[in-house]
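Heads up, the next two complexes both have subunit A, just with different partners, subunit B and then subunit C.
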Partner chain A sequence: MLPLNLPQIFFNSIITGSIFMLAAIGLSLSYSLSRFPNFTHAEYITLGGYVGYLLSEQLGMPLYVAFIASFLGSSLLSLASYNVVFKPLQDRGSPLIYLMVASIGLGLVVRHTIQQIWGGSPLTIRAIWPRWILGHLTITGLYIYIITAAIVTAIALHLLLTRTTIGKCIRASADNVELALSSGMNVSSISRFVWLIGGGLAGLSGFFMVAIANAIPLLGWRLLIPAFAVTILGGIGSFYGVLIAAYIIGVAENFSVVGLAALGLPTDLKMLISFVIIVVVLLVKPEGISASIRGGVRV
Partner chain B sequence: MSDPSIFVMHIAFRIGVYGIAALSLNIEYGYTGLSNFGKAAFLMMGAYTAAIAVENGLHPVIAIVLSIVVAGFIGLSASLFALKFREDYLAITMLAFAEISRLILRNFDDSVRALTKLITGVEGYTNIFGGVHGKVVRSFVSIPGDYRLYNIVQLTLVYGLLASSYVFVRLLSDSPYGRVLRAIREDELASQTLGKKTWVYKMQIIGLGSALAGLAGALNAQFEGYISPESFQPHLTFAIWMMVILGGVGNNLGVLLGATLVESIEAIALFVKSFFGYLPFDPVNIQWIFVGASIIAIIAFKPRGLLEERPIKTPAVEVARIGYTKG
Partner chain C sequence: MLLKTVDLSVGYGDLRIVQNVSLEVKSGEVVSLLGPNGSGKSTLIKGILGLAKVFEGKVFINGEDVTGVPTYKLIRMGVGYTPQRLNIFPNLTVKENLEVSGSWLDRSKVKRRISELVEMFPELKPRLEYKAGLLSGGERQILALARALIAEPKVLLLDEPTASLSPMAADKIFKYMREVASNGVAIMLAEQNVAKALRSSDRSYILVSGRCVSEASSTSYLTDEQLRKIYLEFISIKPDSSL
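Here is the complex of A and B:
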């Protein structure tokens, strides 16, 4: 057996968890507000990655510009897809499965446009990150960026959801759309806001994935199954559920990688963890862990 | 591409194969309302079963039967979830199931090798599924020399099976059994209150649909001559959904029309790609952008498809109608 480098595994779990969290917030909130699983969400992740690549690598801009651009690019795509495609379809009364098929179709449009522009082969950002070694733990500058982004997002969203009117409206509509509508809330403008923010955060997670590994057209699609696992484990529409579930799945995935490597098995199989979590949660407790946190109060 | 007729026959073959796949989704989603987004997995299972059977010297007929049975059995097992899940949960789970099956198939041999070494200490050798490298599949038909005759025999095989599948699905959907399926689609609770064990029907339908998908996968694999896990991406599932929604949900002729149209788009992209040299764009990208955009347009403007579902016409229905008007 390999000697376990526990600090490093936990640290890597935090990195994975942070990326899952950023990727899943929009998916979870838009699922409950617009009431269908949006598969185009994968392409918000991919687009963010490629926009970040364009600015930092092809145009030689500083990294913080690339961060902001990846957020903006994906949030605009997300808002546009809601305004131009999904909202009109919902107004025409399309059933859930049709909306889902439309979201896969729109995803294909976006993904193949990206593939047309940047090609299908992997692209990497050639950045040299500062590196610190603390005992058994290796930390790079990129990891600091990711953790900072996750902490800032979590705190900002917490304050938004608890202290502002729009935040309270988001929580109310995520919990019960009919009730929110009958209380006179403008659910479509709340939805627009959620799609805008959620898409942007997904784009950010895509840029981080590109910085860690590389940019491929299937980038977002690879992250989508873990993101669905986070959404379902956390309870659809629950921000705090996403927060907790993302790190649970981050830890589970990193330990499974270590376990698989120790057994000599292909580490690709780590994806099984997300699948098993989706199936088990849906069978045992479809409302996820959100029902158990905050004393039974959802969201 | 020396002989254009070979190109045409290739497309005709694919239309036949995906016609069977589209019929299988039509009985699942079109009649019963089961949102199976894992179709690619069942085609894959059929394809690999047939490949392994032929490789081990079994007769093609046995290979076809085996791939139907294996895909159907796995479908039956997967349907245990279908009974409990809401439609969107089922869709997500089946989509993830297809991706996971592809992942397992790709890593199966390596995993078996690693586990053998771990348990027995001996470096084993397994090559059942061929991993990422895929598998060469021997054709069901062997006519050396005469390529045209070979293609004609292949087409006869696939269209014969398509015709039998069509007749089967048509009889099924017009029967009292088919009317129960539609009742489940419209209102499951109401069908339960009428004493129908809806879970039995749903299980049978997922099993049946998967079996038909397995048949399509097997036929395609032996014609293409090569399969790998990458041939069964979610694109494939989406294309089959496109055929059903475009052609007409719940209309068997409609989904065959849908299969013809979607495969024709594929054929055009393939034609442009192979007949023109350098192009400033990749026809495959344009193909999927077009397919993705048109499904959105269909859902927005013609959600019931080109050929809409029709009321069932059987002698019994006719008698009941006449009896009603007379009475």
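Here is the complex of A and C:
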């Protein structure tokens, strides 16, 4: 058995956690305001990955352009899905199950459209990233990119939610939509803003996944399960909860790979970790870790 | 007339809870809506605000037909509202509660209004940075009232503002309400505490099963033996017990 390279496992966990965080924030934010789990979120992730591939690989544009386009492409899809499908359904008073089924249906349409355009085979971004070796730790430029994006996102969202009027209105609307309306807040506009940001961040997570591995039509679904696990473990609607839970699940998943390899089991089973966490949290502590965070910002 | 409804029927889904209610509130006047539980007081208020479905009838604010106007626009036109329950944002601080309740106003105006409201409701001053969810019941109602007043509304709709408060805290809310009305604000108050509502209001409407069965000056309900007997007994309130 190979000796454990703990620094590398922890570092990889930070990378995984950062991607989970970007994927889960939008899911948590949109749930807070719209009150249904949006399965189309998976396709915002997938589209972000493919848009990144299109720009950097097919059109040969710089990676930072692909990065920005991934955000914009997914944020526009997210906004369009809210405006065209979910908002009209909510305005008609559709129950939760209608919204969930609609989100699964819309997701299928988007996913199959992507598959029609790019095919089902894995596609790779062939960028050469600088690489540094520090003892047992290997760091690439892409990893720095991912960690920086996660840190900037966390700080920017913290400032948005606590220092700006729109951020405070997002928190108020997440607390009580009817009271927000009767306090003069245009909750539809606030929701649009949230869906725009959340979809864009999902797109970034998809771009990073493609940069690390490859683009496949099921990319978003592979990230959606951990994103749900992060949202539930963090405490649905808790911003800080999501930040912490993303890294806990990142660590859990990376150590599970080591464990599975040691047991001679396929490492793809790491997906089970997220399912196990969802079930255990819902059974043991359904309010998630946010209940333990004093003074945390709930969104 | 600042607030007027004409033949307003309100409900949820296909169910009409309030039927053909016409009422009006003048500037500086406090009007109470009285009635037993389930008589439609809260639904009527929600109908005025566009939070419940209006089947027929009209709502006028300052002479303008506002039927069907989205709730947030109505609030921006000068209507303040405190719901019966869940009337603050518990995860926001007291100051943030006040800020978001005037989110469409100039920052400088919100700042000025917060200072004025803190002077008016001194209980809030030491609590500005507290999470609103940590306030006592009385403090929450005061914050709810302050939130509704941040944009200097012309019309104020109060839904059971003294529910589950101690008599002392309830008296304080009624005192503040009269102060607000003295500045020309038209106040409509839905209230179960009949005695206090009658003493604190100028006129009263009595709702029973969603219909307005009587309208008179509050003093007459307090002094006219016949009115007390017919209507206050009608709504299952002992006419002489708590008055």
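The working rule: the second predicted complex is superposed on the first by the 290 of 299 C-alpha atoms of A that agree within 3 Å, B and C clash if a C-alpha of one lies under 4 Å from a C-alpha of the other, contacts with A are read in each partner's own complex, and residues count from 1 in each chain.
In the analysis below, a residue touches a chain if its C-beta (ideal position, glycine included) is under 8 Å from a C-beta of that chain, and two chains touch if they have at least 3 such contacts.
The structure presented is a predicted model; accordingly, all values stated were derived computationally and were not measured.
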First, second, both or neither for A:181, with subunit B first and subunit C second: second
Partner chain(s) touched by A:102 [first = subunit B, second = subunit C, both, neither]: first
Which of subunit B and subunit C A:233 touches, first, second, both or neither: neither
Which of subunit B and subunit C A:171 touches, first, second, both or neither: second
Touched partner set for A:115, first subunit B, second subunit C, both or neither: first
Subunit B versus subunit C as contact partner of A:272, first or second or both or neither: first
First, second, both or neither for A:282, with subunit B first and subunit C second: first
Residue ranges of subunit A in contact with subunit B within the complex: 36-37, 85, 88-89, 92, 94, 96-102, 104-109, 111-113, 115-116, 221, 225, 228, 232, 263-266, 268-269, 271-272, 274-275, 278-279, 282-283, 286
Subunit C-facing residues of subunit A, complex: 93, 165, 168-169, 171-172, 174-176, 178-187, 295, 297-298
Residue ranges of subunit C in contact with subunit A within the complex: 13, 49, 51, 70-72, 75-76, 81, 83, 86-92, 96-97, 99-104, 107, 131, 147, 151
List of subunit B residues in touch with subunit A within their complex: 29, 35, 37, 81, 84-89, 91-93, 96-97, 99-100, 103-104, 106-107, 110-111, 114-115, 117-118, 234-235, 238, 241-242, 245, 281-282, 284-286, 288-289, 291-293, 295-296, 299-300, 303
